[in-house]
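Okay, so subunit A shows up in both of these, paired with subunit B first and subunit C after.
Presenting the complex of A and B:
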């Protein structure tokens, strides 16, 4: 393997990791605030892809498409919390399955509207296809660079929201104790809805970014849910920075493994996760809080 | 839930019992009598082997609380083991059958070893990853498995050289299922099932009775894997063809959905769930376009409408019907036991004078705080040795070091000549060290009797085969321990509660059950962590009587307690701790007379003196008192700010507050005192909207509070400083303060910064610590922060729940001064305290709460001087 191909693999690995990171941070925020996660997070990403595609076909400008995807997914997040999470909040593991049930409804809706087949996705930078550019002999898709930069930017916003805003503090309070938060005047229910809204928006943004470099079809979600989940676990479920690093690592491991053994490439990432959890039962990075 | 009952002769209940145990089995086995169609039989057959897998999952999720998303992996192992042995090496199926079960069990064992170290979502991920690895291997390791193309010519079972045919195969599957169901029923009804339930509800308590939690979890995984592997075997030999499509993540999800829809933790949930889901799949296959709408919708609807699954609710009803009609258990031969000593065959240890427990130079620190500092302690055989000391003295840490829940950083603990360092809690439990927990750790969901029977764990002798097959030996043993447990309960005066689920008991009774469970270990050393905290006087008397009996029998007891009266009466020897150091030791009398002890523990006279001076000074400075704003003038001075009439609050079945009348007027400092568990915190929580008011009314400035959301109540101007301070540990001091003014942010930034300034002026220490994380503050600083955070709400009324809890006397004075200071600026204060002396000294008005009722009220001064309170209620 020469240097140029290593760079290429690393770039697309990081891009993949960026997508996983956005999905995984969605798990993080929902889990931290509500102790539940959306096991259809990947399907929300898929929905993000299709909504993006729909508006691109309407020839709307780039930024407007982005805004509409955010709005759309925020709405879906609110509905999701109300239908599939709140009613089973006290019922143990039920949320895993109501999440999957909701995801099936999303899949079926997408099939009904857009059909049950893969959709061609145009490049963000003009043209019907994603084209590689060459920098010093290294062929790189500009979309992948765009994904890496965008996911960094989204992460920055996300961390700013968590650490610097009053809402982020309210999140901390609800995560610590909903009772304590409520006696300080925080509307806990609204915070929980907001958490799911943010989780869904993160999925939507990742869908928006991911579309051009993948095969967009209605049943692509489950795999992404699981990879995002794996990334969150790898980093440590309560540590947002760890999750981000874990997601990038997962993307890299996966891409390099599939070069080494094309037959069992995706098995390697799961073996890595098992190995990590054997030695560090709560993820690579220490959980922020007990 | 999983109670054991002896059947009566009454015909209806034995019919119900018979139907409940055997009905579904008979139904399935007699199926071919009514339907002979191959399609229908095939469907029932599929349901049967799916059920096997779901039963296996039920043992994990329903009875052990461990999730697995990788069951398809075990199924694949079972299926391919048998299929490959049969096709490649031509092994007969009656040999490959046990092989495939054993191989899956072995894989289950290997997976379980790392898996049980993880929890919750990590555990889910571990199993998910395992499932994926197997899935990918079955798909891609084509040389071995044939991948998606599959293996052809997998043999089907034969009998006397002839193929068994569809009906024969049906019976093979159905009978195996019935046997596996029967074994699983035996297992979960046996003490193993109760052990699993125990560790599911409290691992710590399970370890304390000597259950090796990890071993049981691994065992649950092994059983579950074997069941699922057997399901795989039947899948493999059904049609003569096997490919990898059957072992995807979707299969694992199918099992999980089936279990939750059927009812996890119920007997027939797996069968019902597998049936419902299989049928739905059949019906939906025709509705291709809407298939997932309906499938997804059904899952959500069932889980929302029937959170315990289809069988969950139904089985609970059947079980309580049966239990009500069950023949009562008798004590058998144990009825003749004269006292606890004979019943438990306690060895009289007083014969020897040497120490049973020797602690040398023991040290344990948490971060910068040294909880137990270089402690030497010897407990002599047959003595009741008490440890006392104020909150935070390190008493509970010491107990946890002895039981192995914490490891010492330095020093040694020697029990019966054996070095305990490094031994796990369950090993120490097996050695005969029994304990109770400061915050009760009972096995929820189990009956009182089962809780106590589990205490006998280390004395059980029958093995797993005996109880899996429900052999007479295991039945006899269980019955004997049940009888003994019942006798033990009689000695504690609670035998009539034997069949009650522990969750439904009063606090006092729960404490007694925990002591009974600890006694059931027949311990050589009994550790009681706050045995009588929160008990009423008659209950305390009961425990005292019990200790007297135990002392008489010669048991060694190490006792932690706050109630000095109780200690002085009950113990032979007392050690006094303060801030992690043993400051005195001797007979109760010696300790009581030790001036150092009085100063550290009992002496708070100085504080009262200073605070009273502060208070008098304030009353002499009318210039500083509150002048009402125009807004507040609406409420005349004589109208109460908070008025409470006939308030009752209930948690589950227990009525925590009864018909309480209470009143706080503008600008008063009112205190509410009472023992631990009297209902003080519940009252404050009810006012805040955190505990539901069932009867009566509470109104603040005329606004009714019943049914109002907590955050809305907060916005009315009621601030609540919760018990245990509850500062948000991962936010800075500043962050916590900003949260306090949540309701002003974005609207009134100036007010917020003004409030922050005022708070910093009042408590300069917080100013200095403003960028520090709240979790790293000392207890006293955290309390000041909690109060300040409440002040940031600019409240009219502030409720403080036990602000002195766990703080050194000097710090307590500081906090009380702060409370006085609030009254001074016109904030009305409700002070809730257990340590009543100081609170009474500074309040205008005081109420005394006992067992959910106000038993006394008056001015603070009156009650402070009232000897009845000091003597009869405060104890000491």
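Presenting the complex of A and C:
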């Protein structure tokens, strides 16, 4: 394979990896703080796509659309935590069922409002459709560069929040021991709500970024949930840096596997994940120490 | 207390029962059952909604003209959710509970293949469609009476048209198919079709439904020098995007799914120009144009897939014509379908005598052609 093809595949893989990373970090934050797993992450991404589309059709500028998507998904995260997670917090694995139920409600609401069809998505950079630019024989959509850079920026903000702010310390305290954190004056409920809010916002941002380069339809979420979850497992579920690297790796593995053979669908990438887990059961990166 | 509660529940049950009875169709109505994919994957729903429009208008016109010897025809429509198990349950319900005289549907070929034995067993005719699998009309072909007809496209017909055209134009032909049931089935037929003509695909690539990106697969096509790319996948807009990204411009030919306005809107008027597909309806012909105009007036923007809607419309109309001849007698309707020889279809793709004992396909195979997007309409290819 020539260098141009390798670069081409790598760029496309990194763009997909960037999306997986945002979804996977949502898994991380919700799991870290509340010990639950939100299997609606992919559907929140889908909702992010449709909300973006709705505001684009109102001819709002993109920065405003971005802000509205963040606000909208933050609201969804709060509602999700309140109605689907908190009431069953002490009921074992019930949150899996309520979480998936909430995701189905989101799916069906989207179908009711926008219809059960794939939706055309305009380019962020003008025009009804994405247009590629070509550099040295490698084609890339400007949106893909945007995805890679934005996912890096969002990750940087995310890490800053976790490591350098008081809220990040509160997150760590609640993750370590909610009771102790409570004694120390941390509002544990508020921190848990915030964790879900951040997870939803990350999914919303990934929906905003992903819409122009993919097929946007109401049932796109489940696959992205699985991929995001796989990325989180690959990187090490309790290490945000590992998750980020794992997600990028998953995007790359998927694309390079498809170049070798596409006949097995997603099997090749999941095979790689299984092999990694055989040798490193906790993922590529160890749990990060608080 | 318990007794009161039990009485309340019993009263509620009785009320529900009476209400249900009240909502049921009048006993006098002649019932035709429709199983259709109306929820689930968008590719299924698009077909289902388009087909249902055609069926509904045919029944509306029939009832307006007096119905079946004065009795109106009632359509009982059930959504199979693209789920074969549910399709079987619904077919059982239509036949044994609703007592329909004939059935139509559904989108997924797998679903039709799952329930059609019930039509054969209970001797209730089925006008299958828009399910496309060639095997649907073959399974009971050698039975004394085959109760399955098709009022839609047959995969083999469009595949023949696509392969015959492609091998005339190029030696470098590629296939991109999805790993869905339909995609795998289409691959099998296409590979066999090429083999029967002594040819092989230059490259075969697959993609999962809902794949976020298929750049690697399209890059492989480009590297193999593929000039004609046969596309039998659900996410065709992703393929067009990947071609754009790779500055790769093969001739794209796909199934008749590429001929609808949802696909037109999704891919965009610019990129869709020149994309070809198996097609049955040429809107520029006067008969089809008149039917097209009628549907636009009736349904407006909801009417967005002329080929599927018009074929379903004709499928329903011929079924109703058989009902007129035989009355509400399922086996009589089946027999009449094979005998009708003066059918005036809305499109030229359907002969005056569509069905016979040996042929249960509504389409004349020679009428299937390759369509191409030209502006905002699909026209017959010139080359």
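As a convention for this text, the second predicted complex is superposed on the first by the 287 of 290 C-alpha atoms of A that agree within 3 Å, B and C clash if a C-alpha of one lies under 4 Å from a C-alpha of the other, contacts with A are read in each partner's own complex, and residues count from 1 in each chain.
Going forward, a contact is a pair of C-beta atoms (placed from the backbone, for glycine too) under 8 Å apart; a residue touches a chain by one contact, two chains touch by 3 or more.
Just so we're clear, the structure is a prediction, and the values are computed from it rather than from any experiment.
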item: Subunit B versus subunit C as contact partner of A:125, first or second or both or neither; value: neither
item: Which superposed partner A:179 touches (first subunit B, second subunit C, both, neither); value: first
item: Partner chain in contact with A:166 - subunit B first, subunit C second, else both or neither; value: first
item: Touched partner set for A:258, first subunit B, second subunit C, both or neither; value: second
item: First (subunit B), second (subunit C), both or neither touched by A:266; value: both
item: Which superposed partner A:237 touches (first subunit B, second subunit C, both, neither); value: first
item: Which superposed partner A:62 touches (first subunit B, second subunit C, both, neither); value: neither
item: First (subunit B), second (subunit C), both or neither touched by A:188; value: first
item: Overlap of the subunit B and subunit C footprints on subunit A, listed as residue numbers; value: 111, 263, 266
item: Contact footprint of subunit C on subunit A as seen in their complex; value: 5, 8-9, 12, 15-16, 19, 111, 116-120, 128-132, 134, 139-141, 210, 213-215, 217-220, 223-224, 227, 255-256, 258-259, 262-263, 265-266
item: Interfacial residue positions of subunit B with respect to subunit A in the complex; value: 61, 67, 114, 117-119, 121-122, 124-126, 128-130, 132-133, 136-137, 140, 249, 253, 256-257, 260, 264, 289-293, 295-300, 303-304, 307, 685, 688-690, 709-711, 713-715, 719-720, 722, 726, 728-731, 735, 738-740, 742-743, 745-746, 789, 793
item: In the complex with subunit A, residue positions of subunit C that touch it; value: 39-42, 45-46, 179, 204-208, 210, 212-217, 219-220, 223, 235, 237-238, 241, 244-247, 262, 265-268, 270-271
item: Residues on subunit A engaged by subunit B in the complex (per definition of touch); value: 31, 37, 83-84, 87-88, 90-94, 96-98, 100-105, 107-109, 111-112, 166, 169-170, 172-173, 176-177, 179-188, 222, 226, 229-230, 233, 237, 263-264, 266-267, 270-271, 273-274, 277-278, 281-283, 288-289
